[in-house]
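My questions will all concern the structure given below.
As written, the chain order gives the labels A, B and C, with residue 1 at the start of each chain.
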Amino acid sequence: MSAIIFRRLLAAIPVLFIIVSLTFVLMHNAPGSPFSTERHIPAPIMAELEKKYHLHGSFWRQYGDYLGDLVHGDLGLSTQYRNRTVNEIIAQSLPVSMVLGSLAYSFALFAGITLGGLAAVRHHKAGDRWLMFAALLGISIPNFVLALLFIRVIAIDLALLPVAGWGSLDQLILPALCLSVPFVASITRLTRGGLLEVLRLDFVRTARAKGLSETAVLFRHALKVAILPVIGYSGPAIAGVLTGSIVVETIFGIPGIGPFFVNSVLNRDPFMTCGVVLVFGLFLILCNLVADILYFVVDRRVTMQ
Amino acid sequence: MALRDIAPHPRTLVLAAGAAALGLALFLTFFYTFGGWTLSAPADLTICNGDEPQTLDPAVVTGQLEGRICLALFEGLTTRDAAGRIVPGMAQNWTISPDGKTYTFTLRPEAKWSNGEPLTARDFLNSWRRALEPATASEYAYQLYYLVNGEAYGTGKITDFSQVGVKAPDNRTLVVTLNHPTAYFLELASLQTLCPVYLPSIQKYGDDWIKPGRIVSNGPYVMKAWRLNDYILLEANPHYWKRVPIRRIKVLPTRDANTCFNLFYSGKTDLILDQSSLPPTLLPDLRKKAYFHTNAFGATTFMRFNVKRTPFNDLRVRQALALALDKQDVVDKILRDGEPIANTLVPPGNAGYDPPRGLVRDVDAARKLLAAAGYPGGRGFPDVNLLYSTKGSASSGIATEIQALWARDLGITSIHLRGQEWKVYLNSMGSIDFDMCLSRWVGDYNDPQTFIDMFVSDGGNNDTNWASARYDQMLAQSESIPDPAQRLRIFHDMEKLLVEDEAPIVPISFMVGAVLYDPHKLGGFEPNFVDDHRWGDFYIPGKKN
Amino acid sequence: MKALLSFYLVVRRDPLLSVCAIFLITLIVLAAWGVEHTGYAATQISSASLQEPSRTHWFGTDIFGRDLFTRTLYGARFSLLIAAVATAISLFVGVSYGMISGYVGGRVDNVMMRLIEILYALPTLILVIVLVATLEAPMTQLMQGLGWTAIPPRFVLLFVFIGLTEWLTMARIIRGQVLVLRQQAYIQASFALGQSHLQILWRHLLPNLSGIILVYLTLTLPAVMLDESFLSFLGLGVQAPYASWGTLVSEAAGLINPIHSYWWMLLFPGGLMALTLLALNFLGDGLRDALDPRSCGRQ
């Protein structure tokens, strides 16, 4: 088991290397300079800027410099935020996104599994249909529309929660809620589907033969099986949610790492973009690994029973 | 199957509750340590500043929003009062030589850094040296090119700073020698580029010197906290030479206009400083509110032509488009902020300057010109692109409307909109890869020159391929004349040449600032032409100051 | 074709699915032919800015005074077009890739799957932004050279790149299916009888995959539409004066404020978009349930 984990982690290194290199190449070739402004910059100043930010010389020289820095854990300087290193920016913004993301996904797991279970229990009745309709609605509305409607209704008209911002506990609630909606919808559908599959097979048989307490045990067993697709889904989903949502963080003014995915590209900030890609890739690989381990553990316990 | 059948065992519930409690505790600890959860007291004044500052190093800052924070932290030889007039800052008085080329500043005795150390003239000398230094890569270094040998030092032609026209004969005197009389030099002295910085900090911490806990400043405020994209906390500087009425200011870098307005509406922010932070559709409603204040300031929106490409190499076409444009429609429908239309480049408000009339709207004359150029009724007009930047929502609206207006009034249907992301747009504009380009310019100081000198023949900010030897001659002439009235008359002629006779640009409107604040809650803010409102002047009415 | 017929039968049986299918067909017809017949041009400005729905403007007007009903249908055109083309691209690339990978198997399969892993790890948004910006100029030149001036080059790039963000899932699923199907007796028999690999792929495997392809097609379409609306919200999608539902909804979202309510701007394009996505998702779910009783769904 640990050998497999070790092999997976080792295999991750070339993957990260390739995606960061690809991003570097793309950023290098994109039109537009990180330093351009509305005012013309004289050539000597431009040359100095390029030297300071390691963007002078041939492509291979820049690439070599960057790889050398990467090996030492130095992700470079940001050309957009000129007194800050990429390490510093990520250290400040990633924890914010992680706080928001973990809250949102915990809620999504709790709500999704509960609702999925409810739907499965109420199968063939109206409750199931309504829940499924609500779930589909959750993934059919773009999340920026949802966020803005929530703000208008809950934060402004009803004035229950703050409009935007970060730093206090009540500012966590609305963005986490908005972030969780599509995940609640998907987890509900997956849980319900998985439960129905198992219950259909064994439930009828057992319920006839045994008593009510056995039904409860069976239901818990079915839940373990239904969890498997949720675990598979959660791997990449958690990676995505922990590295921030651009839409939610922009609308609610949250200082997370999400907006950097778009803004560092728009600002042509090469090292920040590569840094962000690296963080996302790392999270994805780790979350997939954990999901696979969990899958394996739960699967074994299920098949052993 | 009822729900109580699947209820878990009580022991499981207790375990689950315990795990949840532990999870919550870990979560809150993480949130507090790394995630930015603050339990500190609220600030006295909260300001929405438009965006996260790129940097706060005064020598390097070029943007207006960064400049505001810099000018709260640092102060130069001169500063501005609430009405925007130049008043003494770190220098308590100054004398100007009769030929207008030598300024002698005397620093006030109580000038100190925020760590209590006295501020000397050598600090100014070394700070200006740092701003000019090529290695600092300051984009505003050219503001010190007015000094003797300033440009030579700034471009690396000389490396001995003692040859540059600034000297500190003693701790409290600074003598500045200029290349030629510069009427607005005292204004330049109030800008952040010429502010002093605390060099021992820079030497010790390098690029980190600007961070809270390390930064030493001389202005009305010191930086207490700075979280990226979250907030900046400023606290009144006890060593500042004047009393600062407001003790704590929180600066929010909120970008989204609707979010900014929502924050103001729900009372979470007290002051919104940029019109870009206000939703344009709301402007007609907001203009009726007591908390809305306009502020005309020196900035112009205009259209550039690439005069080397057909059909804009034909003067008649340029003039026709300029004469036909219904600028009032653009202002009323798209901008909705009541800003004045512009037929000239230099915004009104420069004292003593008399602008030319410009090309006033005349659709018949425009149609005749267009026909004379070979495109009667707009027929046969070649396919051309109208370049604009997709940053913010205003440009897209203006470009769309202008395209539709020229179609309506001149019958030209071959104009295509070409929206590009900000950096790509700047690239295209800088390399003059466009047919028409929607642009704007914000003046650096309160003098027509900051607009007029854009269009010199080899100017980096010209970007139209237009060149005129006569224009360059007139500019050189204006620089050597001491008489201000005559200088302004030359500018009048230059502008006439630019916007009427040659028309490589079509001015559209003069930008107007819009500011939101409740005058019962904030005092010390006055609309002024340079849109420079020093935060050290703010106070809360009714509170014991 | 056999798959399409069976799907038709499935849809006909279930009233809800029939409603969804009819709705989608009506929408496509209206978007294709209806825009020119509403009485207003899609880019015609007027001074009737931000008017509520009335008899002259059924859906109201936007800030430029353009009729919203016309704009919504105009936007439907682009949204459906982008969804169709991007999905077609993702289908083509994904199915080919998956089929080759699953059929050939062995080391080639390994490498191809590793490649997919690497591509999964790339944040696609960054790719889309950079590639569209980089390739816009060369694409403009190419299209001008070829004489295609009807479509802006940016659109072509958007079609291609949005399509390329969704093919990965399709490829994985197809590969999984092909791996299973490959072992079946009749495939082995066909090979023994002398049929070439291509014939086997085309004649035997593809028809068996058509069911699952169709299902995932209906589920990719909404994903692509949401991607496009997301890009438009960021200002990076369709540019003015063209419109898609994404741009219309983003405009409307930008108009939400505490003082005024321009509800018609959000309700009509947004509602229509949500209904379309719902219909597509319903159809996809229904088809998947009918096709594959083993998959997670109701029975």
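In this text, a residue touches a chain if its C-beta (ideal position, glycine included) is under 8 Å from a C-beta of that chain, and two chains touch if they have at least 3 such contacts.
Every value quoted in this text rests on a predicted model; they were computed, and no experiment measured them.
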Pairwise touch network: line, ring, star, complete, or other | complete
Maximum inter-chain contact count - chain pair = A-B
Calculate how many whole Å lie between the centre of subunit B and the centre of subunit C, each centre taken as the average of the chain's C-alpha atoms.
-> 42
At what distance in angstrom does the C-alpha mean of subunit B lie from that of subunit A?
-> 36
Computed distance of Cα centres, subunit C from subunit A, in Å = 23
Mind pulling the subunit C residues that touch 2 or more other chains?
-> 129, 133, 236, 256, 258
Please set out, as single numbers or ranges, the residues of subunit A touching at least two other chains.
-> 31-32, 148, 151, 156, 266
Note: subunit B residues in touch with at least two other chains are 258, 262, 265, 421, 424
Residue set of subunit A touching subunit B in the complex reads 31-34, 36-42, 44-45, 48-49, 52, 80-84, 89, 91-93, 95-96, 98-99, 102-103, 106, 117, 121, 148, 151, 155-156, 159, 162-169, 207, 212-213, 215-216, 219-220, 250-253, 255-256, 259, 266-268
Interface with subunit A, subunit C side, in the complex: residues 117-118, 120-123, 125-127, 129-131, 133-134, 137, 222, 226, 229-230, 233-234, 236, 246, 249-250, 253, 256, 258, 266, 270, 273-274, 277-278, 281-282, 285, 295-299
Name, in rising order, each residue of subunit A that touches subunit C in their complex.
-> 15-16, 18-19, 22-23, 26-27, 29-32, 123, 128, 136-137, 139-142, 144-145, 148-149, 151-152, 156-157, 189-190, 193-194, 196-197, 200, 229, 236, 246-247, 261-262, 265-266, 273, 276-277, 280-281, 284-285
Would you tell me which residues of subunit B are touching subunit A in their complex?
-> 1, 3, 5-8, 23, 27, 30-31, 34-38, 52, 54-57, 60, 62, 134-139, 141-142, 155-156, 207-208, 210-211, 227-231, 252, 254-256, 258-259, 262-263, 265-266, 268, 421-424, 426-427, 430, 439-441, 459-461, 463
Subunit B to subunit C touching residues, read off their complex = 257-258, 261-262, 265, 279, 281-282, 285-286, 333-334, 390-391, 393, 396-397, 399-401, 403-404, 417, 419-421, 424
